[in-house]
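Next come two complexes built around chain A: one with chain B, the other with chain C.
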Partner chain A sequence: MITQGIVIAFLGSAIAIGLSCSGSGMGVGIAGAAGVGVMIEEPEKFGLVLFLQAFPGTQGIYGLLVGFWVLMKTGILGGSPIPLSLDQGCQIFFSCIPVGVVGFFSGWYQGKTAAAAIGLIARNPGGVGKAIVMVTMVETYAVFSLLASLLLFNAITL
Partner chain B sequence: MFKYFTADTNDQEEYAFANGSVKSLEKGLLNKDILDRMIKSDDIVSALKILSESDLNDYSFDLNNPADFENSLNQELLHTYDIIKSISQVSTFNFLYFTFASKYDFHNIKILIKSKYLKKDISNELLSPIGTIDIEKLNLAVKDEKYENIPDSFKFLIKKTFSEYNKFKDPEMIDFILDKERYVMIFNKIREIEIIEAEELFLKRFININIDLNNIINCIRAKIRGEKKAFIKEFLIPEGDFKIEKIIEIYDSPLSSWFEKLIHTDYKNIVEAGVNYFQKNNSLMELEKLRDNFILNFSKIGKYITFGIEPLVGFVTAKENDIKNIRIILSGKLNKLSPDQIKERVRDTYV
Partner chain C sequence: MAVCKVKKVSIFTHLELKDEIVEELQKTGCVQIIDVKPKLKKSSLLDFNVINNTEGISALPEVKYCIDYLSNFIDKPEKSEKSKIATQNVYDYKKLPLLFSQFDYKKIYCKCKKLDEKFKELKNRENHIVKIQEHLEEWKELNLKVEDLEGTKNTKIIVGTLPLKDFVSCLEEIKKMGKEIEINKIDEEKKRCKIVIISISEYYVPIKKVLEKYNFDSFQIPLEFAKTPKNILEDISKELNSIKEKREIISNASKKLYRENLSLYLTFDYLSILKSRKDIEKYLKMTKQVIIIEGWILEKDINRMKDRLFNKTNELEIIFSDPDEKDDIPVALDNNKFVEPFESVTELYGIPKYKEFDPTPLFAPFYFVFFGICLSDAGYGLIITALAYYALLKFKLEGTIKKFFGLFFLGGLSTFVIGALMGSWMGDTLNYLPKNILFIKTFLIDKLSLLDPIKNPMPLLLISLSLGVIQIYTGFIIKFIKNVKENRIKTGLMDQGSWLLLISGILLFVIASTIGSLAGFKIIAKYIIWAGLLFLVLTQGRSNKNIALKAAGGVLSLYNIIGYFSDILSYSRLFALGLSTAVLAVVVNTFVMLFKDIPIIGIIIAILVFIIGHLFNMVISGMGAFIHSTRLQYVEFFTKFYEGGGTPFKPFKIITKYIQIQTNR
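Moving on to the complex of A and B:
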């Protein structure tokens, strides 16, 4: 039976996946554009460029993880959804917000940092270690948001 | 909010691509170490070898014919402009390409008009292939007054230069007229492009610095030639940060005291040192060098910005500066100048 709670849980899952994947898409796009610019002159840097371009893609994976977990735990994925109350649905919805919203912005901004890092390795390939540290700093907050979403969701009694 | 958001993200991707290219091109810029080694080298061949054997693969010279370095430098500059043109897809970048490349159109027009009026044949080597308009089309427009193949703005400009020249009958006037018209054309173009506020500030400041220095140096030249105040009023470019009324005001005072009137501007030191050098050596070389260094140092902001027009402006300025430095060193070697004499002429480096 589809209850109001299930609909709200659907929305939560959609936000977790949709927003974080959008942020990742934008981030990977920005870093990719910078990478293509570098590879016009230096195609041999493809490996390093690809590595840095992939960083903003992780937010989408985190969102997908939370979204799928919601769908699994609520039985939506198996075809027999648990009849969630409105309260439970809202709890699930709010637990999805951190990974969705933070994933969107951190993916986007990590893309900018990755593009700057690609600029750094274009001029100075020896600086790749420092560039990775800078890009990873943005990742920290995406990981925090994943953790927050998982803890919040885990606290819900279904 | 949505409009801001979409505009911002679209531009970032364009900028990311262009700036990625620029960052990898920056690796080919000269550093002080290479320049110093070239300056200290024994002759032009060893200087060319230092350049060819460095990590910079941008330059290739014919070591059997070292005096022909001009051709290689032109090829390198042409290659740089080709890349800039290929990455200039957004309107702001297109405008930047025009701002830099049109300088060579104006250079070509000056040479063609002078050769027409002085009735001298010129070799094609004097003309630059970098401009936005094909040399043959410009040649047709200037020599035969056939304007079908050039933009209307240039047609208007050439006609205006003809009529102004006929008034004064002085070839040097052609330089003054065209220098002014170039900035008028750039300011007309800047109104046509969509540009965000921060970039507009940078771009306007960059252009204004060029205008101010152009105005000040042209005034110093006019003063040395003994021109009257009425003469400079005609050719000063009004758009600069340093108002032309102030330049006109100080024009009648002695050249050595000009810097005192510029005390609250960024140009005080340039004028003071440049005029001092002129009075001792009767040459404006130091003034021109200080002008170039000032513009280069301003554009160094491009090294620290990831998304924007600044890296592109910085790179083009730096590349032109590098080529100027190489030209100074190689001509110095060719004319048997001492390393100290060459060092005196060489500009700062971007890297």
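Moving on to the complex of A and C:
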């Protein structure tokens, strides 16, 4: 049976996946463009560039993770959804917000940082370690938002 | 342990023995040769004249050219096979000069060059006529011989295309000029029509002018050919075929040349060795009779080097001295087998300065555990360990790459152990095992696993945070010890001691409040906290001169509490990443079960989804585990005590690209 709660849970899952994947898409795009620029001159740096380009991709994975987790726990994925109350649905929706919204912005901005880091390794390959740290600083907040979403979701009694 | 002791070495020998000594040094491979700095102000030392016209060295680019050219013609399977034969052979160093002299690389070079030139010529010709071919394809209908298009003395012929919409107006304009003009439309395409205009010579220029106005595109006459476009097209396709055949011949000849001359690789490496030996000579200094070589050597290598040099000749003098503190002393790390792979993480950040200590053994255990918690799946751990072990065994890796694989090997082990403790074997795959082997699950999960983060996440979160507390604590203690070692006990006590006091107090307080039986310690904890706070306020502003500023600085330093608090919170990423691996694995398995029920092809799709899904999760989560474990060391741990920024020790040694060389006597 489809209750109002289920509908709201749908919305939550959609927000978690949709927003965070959009952010990741933008970030990977920005970093990728910078990477292609570097490879015009130095194709041998492909491995390193790809590694840095992959960084902003994690937000999308975190979002996907939360989204699927919601779908699984509510039984939507299995085809027999739990009849959620409106309150439960809202709780699920709110628990999806951190990973979606933070994923969108942190993915986007991490892409910019990754692009700058790619520029750095083009000129100074020895700076890889530090470049990676800079990019990971942005990642921190994506991980925290994932943490928040998971903890919030875990607190809901289904 | 950790940072190797380095000595400065000066070698004096007779000028004539220079080549022998340099060669022996390269074979020993334990001295980093540097510029000779004369200690006397009035120095009679001369720069060594580097002579670079030795035959062997000028040949290096030629051999490189041959290798590059021929490598274009290697078939894929051959590439791996043949180069293996060439590269996996271990050659004796003594035999190299002989092998080199037997090999006539000049001949090969000439052959390669000839083949290459011919090949390029054919390619150019091909490009040229293909262009003409494309152009003529459009003019197949033109039934005139191209040589006639030049016209005669009195008549001119113009051939080209006009935009369809302008055709009529253009025609009228031209016809107005006179009667002696004939215009033929031979074909019409989507937007342009092809026309041939025949006129007497006087009209040629005015007609051209009109045509230009209408965006006329004139037919380019391929003057090198004769007869009609149709004939020419036939000729061209014949020529293209013959070019193809010729190229095939060249390609086969090149392949044969390659197969017969695998010694090129050996030659290249041998010549590079010679070249590096020549390059090093610019660091040497000499007097009329004596040559001086200076460099850095690791203390443990001193005897080995002495043995080998004196074995060659007795006419030399070796002096060792302690490094001057002003020098940029190179740094080499030396750790036991367990810690060594973690050096790669240190190298990525920047190795320590000579006077600093090596942080690798200090963070290695933390890194080991962190990686395991982030990935936390016994199945993935086993796979990563196996892959890394295979790579270490199969490929003869060296340097940083080898260390990285070692790191993954250890990380995999840790992942396996921690994954087993959390009862995660490729996610919850064990739940889907057939009934008759279900006892595996009962054993692995019910007996081995201690906590299940998916069902009850709090314990893992607490473990992660406690690990953070322990590591930050360790960081403070290390900095304290560092200060004590550098005779700054007071600084150590004030800067680190006060913080240790405060943090211990807070920890004790938290523990005492959560565990009922320890409630009595609450008061003690409170006093410790107050003592820590007081101590901090009193000491942290001491660099200011004004007493008011001193107090303000002390109070302000309390703000750092927030920084350390956020450092500790940062370790919650271990929990988040660990949980995300587990959840993604469960999601993959859910999909597998969904596909399984489709008839016939369902089982195949299910297997594919299982493999690809788990592989994807392993790679992504593995990358996350590596990055975040590394970051925790760099940002949270190293900032407490570590600087880095040393120069790595790079000994002068035999470096080969393709073959392996044995230098044993």
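Brief remarks on what is shown
Here, the second predicted complex is superposed on the first by the 158 of 158 C-alpha atoms of A that agree within 3 Å, B and C clash if a C-alpha of one lies under 4 Å from a C-alpha of the other, contacts with A are read in each partner's own complex, and residues count from 1 in each chain.
The rule is short, and it goes like this: a residue touches a chain if its C-beta (ideal position, glycine included) is under 8 Å from a C-beta of that chain, and two chains touch if they have at least 3 such contacts.
Model, not experiment: these values are computed from the prediction.
On the superposed chain A, the positions of chain B and chain C stay apart, so the two partners fit side by side. In the superposition on chain A, A:Val143 contacts chain C only, with no contact to chain B. Of the two partner chains placed by superposition, A:Phe153 touches none, neither chain B nor chain C. Once the two complexes are overlaid on the shared chain, A:Phe93 sits clear of chain B and of chain C alike.
After overlaying the two complexes on the shared chain, residue contacts for A:Phe10 are found with neither chain B nor chain C. In the superposition on chain A, A:Phe105 contacts neither chain B nor chain C. Residue contacts after overlaying the shared chain place A:Leu77 against chain C, while chain B stays out of touching range. Contact with chain C, but none with chain B, is seen for A:Val133 once the two complexes are overlaid on the shared chain. Smallest inter-chain Cα distance, chain B versus chain C, after superposition on the shared chain: 11 Å. In the superposition on chain A, no residue of chain A contacts both chain B and chain C.
Across the complex, chain A meets chain B through its residues 26, 29-31, 33-38, 40-42, 45, 108, 112, 115-116, 118-120, 122-123. Of all residues in chain C, those touching chain A in their complex are 347-350, 457, 461, 570, 572-573, 575-577, 579-580, 583-584, 586-587, 590, 594, 620, 623-624, 627-628, 630-631, 634-635. If you check the complex, the residues on chain A that touch chain C are 51, 54-55, 58, 61-62, 65, 68-69, 72, 77-78, 128-130, 132-133, 136-137, 139-140, 143-144, 146-147, 150-151, 154.
The touching residues of chain B, when paired with chain A in their complex, are 9, 12-14, 16-27, 83, 87, 306-307.
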